[in-house]
Amino acid sequence: MGIYEISLGTVICINIILAVGLNMITGFCGQISLGHAAFYGVGAYTAAITAKAGLPLPLALLSGLILTGLVGIIVGLTSLRVREDFLAITTMGVGFLFLGIVRQQEALGGELGVSAIPAHGMGKMGFFLFVLLLAALATAFSLVIKRSWMGFAFDAVADDEDTARLLSVDVPAYKLAAFALGTALAGLAGGLYAYFARLIVPDDFGFITSITILSMVAVGGIGSVFGVLISTVILTLMPEFFRFVSDYKLLIYGALLFAVMRFAPDGLAGFARDIIRRFHAKGDGG
Amino acid sequence: MGTLLQVSGVTVRFGGVIALNDVSFKVEQGEFISLIGPNGAGKTTLLRVITGTVAPQSARVSLSGRDVTRLPTNRRARLGLAMTHQIVRPFHSMTVLDNVALAAGHHRIDRVLLAMGSFDRSEERRRAGELLETVGIAELSEKSVVGQPLGVLKRLEVARALALEPKLLLLDEPLAGLNHVEAARLADTVVDINRKGMTVVMIEHNLGEVLRISQRLVVLDNGSKIGDGNPEEVMRDPAVRAAYIGKEKHHAAP
Amino acid sequence: MLYLELFIQGLIYGSMYAIIAVGLTLVYGLLRILHVAHAGLFALGGYLGLLLTNATGSLILATPAAAAAVGFVGMIIYRLCYQPILDRPPYVPLIASIGLFIAMEEIYRLIFGPYGLTYLDPPLQSQITIVGINLRTAEVTMVVVSVFLLGALSYLSQKTRIGVAWRATVDDPQIAASYGVDAVKVRYLNFFIGSGLAAVGGIFVSLLSNLVEPTMGGVPSYKALAIIVLGGLGNVTGTLIASLVLGVIEAFGTIYVGDLLDRDAIAFAFLIFVLMLRPTGLFSGR
């Protein structure tokens, strides 16, 4: 595997951690979030700054993860006050707010961001395997959540939160849990990104990034872990395949996003389910 | 036997309209009460105040002697309160069985962190199956909720409420939209549940069934309580008759 | 004096926001969709207005022509993009709209270049002095035209049959339909007017900075989304008031919290603050 492929693989795994986390918030628990990149950013900045201050990698990553989870809970509190469309705009606002604050703080490098982030010391291959392991753990974790009673409660909250309350589900607690878990994963991804890129700027964590992550979830099929996994790989690789027409990649991206929502809103997972169903129907009939 | 539910001084205002005006009543353990009154009298609103879905201007609600006025809905559910909706609200993303199994697992989802670590749904699925038997829709267990007829969904609501193992069952027009046969059958199921010890408060317009199965009637009209007592006496009360006649001729007892 | 100047600046920006936000809230009120692609129509208006003005030398001819053209594009977008997915969960049209917007921005970039276009002979650039404050004619014209257009809209919605039909459909589609109101015609009209207004907004912004560039739709439209939430989703009057309030708050905000937050984030900080106090916005819907 060449250096290029290793880097690509690393980025894919970081994206998987991001998408799987957002899938928990939006897919499992039904809380739409258009500002996931802000949590990615909090994790990245935290890890970058603590690493530069001398903290070893595991602690830097951990501090990024924990701090982001806490911020995530605070943002999650807003989801207790507002719903659906209001929540979508609020989370979008959180994303812009994060950027707005970070851009003005000299301590965080302002517009120029944070550079000279220390090396991870694992070598490119080693770091890739490390990130791959974390991505696998994140995916496994989200599958575990999905099968658990927490996942069952999430289903109810996403479906009809008022009725869930009547059935004794502590809806606010579950929403906060979803935010805490999903954003902590984003924080972890951010820390990994900081070590990977060794330079982070505010624009890395803007609205377009939030939308990119959301599209990985939506194209995969909101709520489906495997769908999200596959779509993340595809969407991350896509700009690479289209490198020869790299000028068009954002256009193709937007068009793809539009097309999937317009023609196959259940994403890859829905598409796969349709095929399986049709296969079974043929089997029964023919 | 004690007072299971005590509701005092409930006043609810929506914008400029007074939906409930200083309504009070109490329910003894084991009773079967029907809450009746013309459309718009405030019956559903009263149930929603009891469950905590609607915040009243003033009220005192207590369950088994414990003041629950400040508790959120899910805590009241844990203290033994269950409600079915007038317009059914099943979870569309789940099967018939899972709708009930979720409710049956209420002790598992109590603590968020514990819920994260528990996976076994077999016990709850089994109990759900039993409850679906009780209401007579067990054969539809694995079917999706989507596309089921109203009669099935109404019974699903009841099974789901029962899965909470409540002390007090609130039913909001469980028979509405059902044909004669289905209504009688569901009414009998509810009576049976009551006979086995469940306290029931039911809103119903179907006066035929109401008079047949209730022990006590509470009558609301325009947000105020105008009757409370045994069915024959209440229906003879001129104030009650006046409230109905002229508003709901077509719902009068056959 | 400074305060008055800030206030006037605020109102000027506010009127620009109003023209964009009204179209958004019109769509939301009718269809419950967050029409992010509106931003693309705003930019399209800017482009067409500039091109037509450069070609004909007359802003007065170009503006209505551009507005009408963009109005038609808006109607097409409704028919091809939104109408088929109205019954899907809300995130579907939202993400589809976002994909469409990204694609539109890219199309402008690919056709017209990333650096944008300028006026050959920028109109309305002269200075005039009102109550001792120096303003450009373009700014004053923008306010005047906005007031005129929005006033005309208000008049139409109350005094003409189609206007009343529109309001009825927003309030209660079923009753309106039973009175014979053609819901489809109302929707087309809705998109035509909203998109036309956005186009006018785009033209004015291009006059202020003598530039149209592919990403010009982004920031004003994100703010417009915040505004329509503040104004109470679907509430046109509320949106107008919120637009002006936001313009003024931004003008003063940059002075007072400019160290903490950059200008664009002020809108969202304000939004989040308000929503926490009043989860349904400053004014409730309709």
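We call the chains A, B and C, going by the order they appear; numbering starts again at 1 in every chain.
Note that in this section a contact is a pair of C-beta atoms (placed from the backbone, for glycine too) under 8 Å apart; a residue touches a chain by one contact, two chains touch by 3 or more.
Model, not experiment: these values are computed from the prediction.
Peer 1: Select, from all pairs of chains, the pair with the highest number of C-beta pairs in contact.
Peer 2: Highest contact count belongs to chains A-C.
Peer 1: Which chain, with its centre taken as the mean C-alpha position, is closest to the global C-alpha centre?
Peer 2: Answer for the innermost chain: A.
Peer 1: Let me have the rounded angstrom distance from the C-alpha centre of chain B over to the C-alpha centre of chain C, please.
Peer 2: 47
Peer 1: When the C-alpha atoms of chain A and chain C are each averaged to a single point, how far apart are the two points in Å?
Peer 2: Roughly 31 Å, centre to centre.
Peer 1: Centre to centre, by mean C-alpha position, how many angstrom separate chain A and chain B?
Peer 2: Centre-to-centre distance between chain A and chain B: 41 Å.
Peer 1: What part of chain B is in contact with chain A in the complex they form?
Peer 2: For chain B paired with chain A, touching residues are 51, 53, 72-74, 77-78, 82-83, 85, 89, 91-94, 98, 102-103, 105-106, 108-110, 112, 115-119, 121, 160, 164.
Peer 1: Going by the contact rule at the top, pick out the chain C residues touching chain A in the complex.
Peer 2: Result: residues 28, 32, 34, 81, 84-85, 88-96, 98-107, 110, 218, 222, 225-226, 229, 233, 258-262, 264-269, 271-272, 275-276, 279-281 of chain C touch chain A.
Peer 1: Which residues of chain A touch chain B once you look at their complex with the stated criterion?
Peer 2: On the chain A side, the touching residues are 145, 147-150, 152-153, 155-156, 158-160, 162-171, 173-174, 177.
Peer 1: Taking the complex as given, what residues does chain A use to touch chain C?
Peer 2: 26, 32, 78, 81-86, 88-90, 92-94, 96-97, 99-101, 103-104, 207-208, 211, 214-215, 218, 222, 247-248, 250-251, 253-262, 265
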